[in-house]
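Two complexes, one shared chain (chain A), two partners (chain B, chain C).
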Partner chain A sequence: MTEVKKLIDRLEEAALNPAKTISESMKQTRKKAIGCFPIYTPEEIVYAAGYLPVGMWGGKTDISLADRYLQRFCCSIMRTNLELGMKGTYNLLRAVIIPTFCDTLKCVCENWKVAVPQVPVIPIVYPQNRLLDAGFRYMIDEFERVRKILEELKGSAITEEDLKQAFALYEKYRKTMRNFVEVVKDYPVTVNARTRHLIIKAGYFMDKKIYTEIIRSLIDALKKMPPEKFDGVKIVATGLIGEPIELLDIFAENNVAVVADDFAQESRQFRTPARRKGSPLEKMAYRVVDQRGCTFLYEEQKTKGSMLVDMVKKNNAQAVAVVMMKFCDPEEFDYPIIKEEIEAAGIPLLYLEIDLQMDSFEQIRTRVQSFAEMLC
Partner chain B sequence: METKLTSKQMLNELLDRHYKTALEAKAEGKPVAWATSICPQELLETLDIDVVYPENHAAAIGARKCAPEFIEQAEGKGYSSDICSYARVNMGYTDIRHSEAGDIPMPDLIFCCTNICNTVLKWYENLAKNLRIPLIMFDMPFNHTYEVPDHSIAYMRGQIEHAIVELEKFAKKKFDYDKFGEIMEISNQTCEWWKKATDLAKAKPSPLNGFDMFNYMAMIVCMRGKKEGREIFKLWYEELKEKAENGIGPWKDQEEKYRIMWDGIACWPHLSVTYKLLKKYGVNMVTSTYPESWNVRYEKNDINGMARAYSSNYANRNLDYDEQNVTKLVDDFSLDGIVFHNNRSCKLMDFRTFEVQRRVERSTGIPSVIFDGDQTDPRIFSEAQYETRIQALIEMMENNKLAGRNQR
Partner chain C sequence: MFLGMDIGSSSSKAALINDKKELVGCSVVNMGTGTNGPEEALEEVLRIAGVGRKDIRYTVATGYGRVIYHNADSQITEISCHAKGVSFLMDDVETVIDIGGQDSKVIKIDKDGKVKNFVMNEKCAAGTGRFLEVMARVLGCGIDELSGLADKSTIDIPISSVCTVFAESEVISRLASGAKREDVAKGAHVAIVKRIAGMCNRVGYRPIIAMTGGVALNGNIVRLMGEELGQLVVAAPYPQAVGAIGAAAFASEKWKRG
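Up next is the complex of A and B:
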């Protein structure tokens, strides 16, 4: 088995088995874990506190308990998270952090307090007017509030040095990931749409230090291989998450490669580098200030559409795929705007509506197939 | 000699004048703003900027059964049928620009406040982008704590100060702080009369039929900072007070047998059906969470207080507040039951409904039902389901009455 295959298998395995991966990571690092809901949470503070931050982006499960709180027309990530919380799947978590980026998250944050009382919730509110000084200060205050709660949880202070180290590690992780998504563009066969997603996803269940080292090794190993010939379709993908996994299998089956992404779960987490100046919390806040093209961060100019057009050009892609999480209001509001801009630029657009509990993919298969044929 | 108008006549006249004035202002080349329903309108009023409220307009379009045309237009542009129907109607209107339900001028400025939901953030972001006009955004952090925290107030104050600078640039004139004080005073008085009027429904029988309250809501949205607004609610209060003192109930041809709260916005396209069924059984909707939502009160010239007041509405508070607030309504208004409108447009309300319902049933013992509907999309509501649910509620309320249980 080659080095590349070994590393990829390990990461895919980690991403496909979150519970197992998390408990192994906890054992390995002797840390307790804290769940981090979408879209953004101050993971660096969690890490600095000596906890293992783990991602909570839903999954596939039968929903029954969550019906007590959430109607069926609610985003399936949130329904899954609440369901698994109520089932006790998250009892291994010391707490969960829930940000209030949308109306659904606000409600889930409130319902969690009663539905999953055994796993305490740490709510956090990110300011939408983040470009104003008052917004920036508010964000720092919110980070400080979360820091205090985590200090109480762990029973000791989180020092500036702890934060500094955690932030440096996260910056290293983010830089490595930016490098990773660049490098894998040359290997669309070995790192197809499915593999690319799983490799990135694995980072949510592992200690970022260990994970970053594996990704570095993978990058090095990949770079030893000659760039792969690819005669399929190169696309830029956007949405909340690139799941269910069957969707990416369909991409792979049809020779569709994701050469760049704007998924909230993927590149939006690491595409914006930090500024050089400031305390660790200020640097964290500046990353949010500097983030552009994210559905969940208010932007008067709404640059997502033009950003996607630029991404297509820069990456020599042929199309944009919008992977729409059903019932995600913010993403649904962005769609008509980006649609118009992408179409105006003459770029083909594929719209796919998904939810995590879906089990019939025939319609998606047909659409991806004919889209790929049209572009080949 | 001029005869004195009733508040209802005044309501219709003021509403007509409100839209007419805005259309005229636009025709004269004066700037017009579009704003959300519980926004700090005091700032716009101080600068004499004419404002219209897309939520009011969409509701009117819905009530006149004109919504489908606009909804179809918006969905054709790619708007999902799952998003807020006020937004879809309004987005459709920005393309079609005419409705038999009445027209509004296109805006030169977008003024948005997230205390009612995050949906307006995306909706108004799109408006500003499509129309290429400036946007002033008030972000009011969700209060997951019972009270509004101090750092949220500091953040909101910063936004108010920033908005004043932006508005001065937009209106090309200095912000007059003395006038600001006066507007604050008027706004507070208008809200006070609104609250006092709607509070008169505590009387048994209630002089107020709550569906009338839905009509007056358009006024509290658009007339808060105006003297006429203060007048109409004072007049409404006096009319209701007189009725209450004379023991006059909500209807001439029906007795008030049960008193309920209606949770959520009206089902505008089916207003008449939803109302008539309740009336048929003598069920009077005496209150909702809305009287308190527009009870935006603070001391004159206290900007921090203003920020706190605007951030304190029901939709922006946590479940503990929601529970306490509804429980208090049950006691204060001697309610026999609650109807929850599972309004497909409003996820922020819907995804808390089940828990609020459980808690309020536990704390008060009164029955409640949930029905499916939508504020403007006529496709969601089913008359048969509504009727079944209301009948079930009546049965439970009647059983309580017969057994002498949970009577207030």
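Up next is the complex of A and C:
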């Protein structure tokens, strides 16, 4: 077994078995875990507090209990998270951090307190006007508030040095991931759409230090291989999340490679580097200030459409695939705007509506295959 | 001979094209994937063409059941095949509206029958042949009688529900309140036409617009579609078999390319 395959298998296994991976990570690091809801949470503070931040981006499960709080027209990530919380799956978490980026997240923040009382909730509100100095200061106040709650939870202070080290580690992780998504463009066969997603997702369930080292090794091992020939369709993908995994299998079946992404769960987490100056909390806030093209962060002039057009050009892609999470209002509101801009640039656009609980993929198969046939 | 098999959700279609690129036969059997429909459609088209299975050089499968049909040399989606089929049968078509039993599509095509863009309905029976089947049942007529019935309509009755289930109860309550069957039938047609027109607007459309799929046999809907879009809308020849004909045309090309 080659080094590349060994590393990929390990990361895929980790991503496909979150509960097992989190338990092992907790055991390995002797840390307790704290759940981090989408879209952004101050993971560096969690890490600095000595906890293991783990991502909570839903999954596949039968929804029955969550119906008491969330209607069927709420997005399936939130419904799944609440369902699993109510079923006790998240009892291993010391707390969950829930930001309020959309209406459903705001409701879940309150619902969680009564629905999953055994797992404390730490709410965080990011500023709507993050580009104003007041918004920036407010964001730091929020980070400080989360810091205090975590200090109470662990029973000791989180020092500036703790924060500095955690932030440095996260910057290293983000830089490595930016490097990873660049490098894998040359290996669309070995690292196909499914594998690319799972490798990135694994990082949500592992200690970032250990995970970053594995990704570094994978990059080094991949670079020893010659670039792979690929005669399929190269796309840029956008959306909240590139799941269910069957969707990515359909991409791979039809020789469609994701050469760059704008998924909230993937590149949006690491594409923006930090500024050099400031305290760790200021640098964290500046990262949010500097983030562009994210549906959940207000922009007077939306840059997402032009950003996607640029990504297509920069990566020699042929098209954009919009993977729309059903009932994700913010992403749905953005769609008409980005559609117009992408089509005006003459770039073919594929729209796929997804739901984490979907189990019939025939329509999606027909759409993806037709799109690939159209572009070949 | 080159065979195209279009295995849909509610019917199976087969078409044969000869070496001179002439259509020598097509068949439609009202049994879809998971039934004996594909086999019967194949037998029927072989009988019509007067040839045997050994004469088939290459087979392309399309439609909902294309992936599990193992007797084909390759499979291509119905979107590409309807585009190809229309261009095989007609000149100057730029937009194809295919309304099948389970889903509907609007496809923009170039002069060679290649797909330029397409839009498909969401996973819902609204705007599909299934919607009309339900309406025909509620109105107590065959699906092939709906067109003639709607032609007799004198009053516009809107059916506002796009969901097939809600539309069914809306139609029942219209009939219960004394509405005439023909007016309700036309109301159901207008509902489906507006749904499809919305898809046309999403993808953009240009004349000539050809309708394919079983619903294209409904002359009332084809006329209403033209009125709604303000463009020339015509039913393709052999509308139910266009996908199979396109698949056969692809089979011929693939064979020649080796």
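Throughout what follows, the second predicted complex is superposed on the first by the 376 of 376 C-alpha atoms of A that agree within 3 Å, B and C clash if a C-alpha of one lies under 4 Å from a C-alpha of the other, contacts with A are read in each partner's own complex, and residues count from 1 in each chain.
FYI, a contact is a pair of C-beta atoms (placed from the backbone, for glycine too) under 8 Å apart; a residue touches a chain by one contact, two chains touch by 3 or more.
Please read all numbers here as calculations on a predicted model, not as lab measurements.
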| item | value |
| --- | --- |
| Which of chain B and chain C A:K5 touches, first, second, both or neither | neither |
| Touched partner set for A:K314, first chain B, second chain C, both or neither | neither |
| Touching partner for A:Q363 - first (chain B), second (chain C), both, neither | second |
| First, second, both or neither for A:K20, with chain B first and chain C second | neither |
| Which superposed partner A:R275 touches (first chain B, second chain C, both, neither) | neither |
| Chain B versus chain C as contact partner of A:K302, first or second or both or neither | first |
| Chain B versus chain C as contact partner of A:E373, first or second or both or neither | second |
| Chain B versus chain C, judged by how many residues of chain A each one touches | B |
| Chain A-facing residues of chain B, complex | 77-80, 82-84, 87, 91, 114, 117-119, 121-123, 125-126, 128-130, 134-135, 137-139, 141-142, 144, 151-152, 154-159, 161-162, 318-319, 342, 344, 347-348, 350-352, 354-355 |
| Complex contact set, residues of chain A against chain C | 348, 353, 360, 362-363, 365-367, 369-370, 373-374 |
| For the chain C and chain A complex, residues of the former touching the latter | 64, 67, 76-80, 103, 114-118, 120, 122-123 |
| Interfacial residue positions of chain A with respect to chain B in the complex | 68-71, 73-74, 100-104, 106-111, 113-114, 123, 125, 127-129, 132-135, 137-138, 141-142, 145, 295, 298-302, 324, 326-327, 329-330, 332-337, 339-340 |
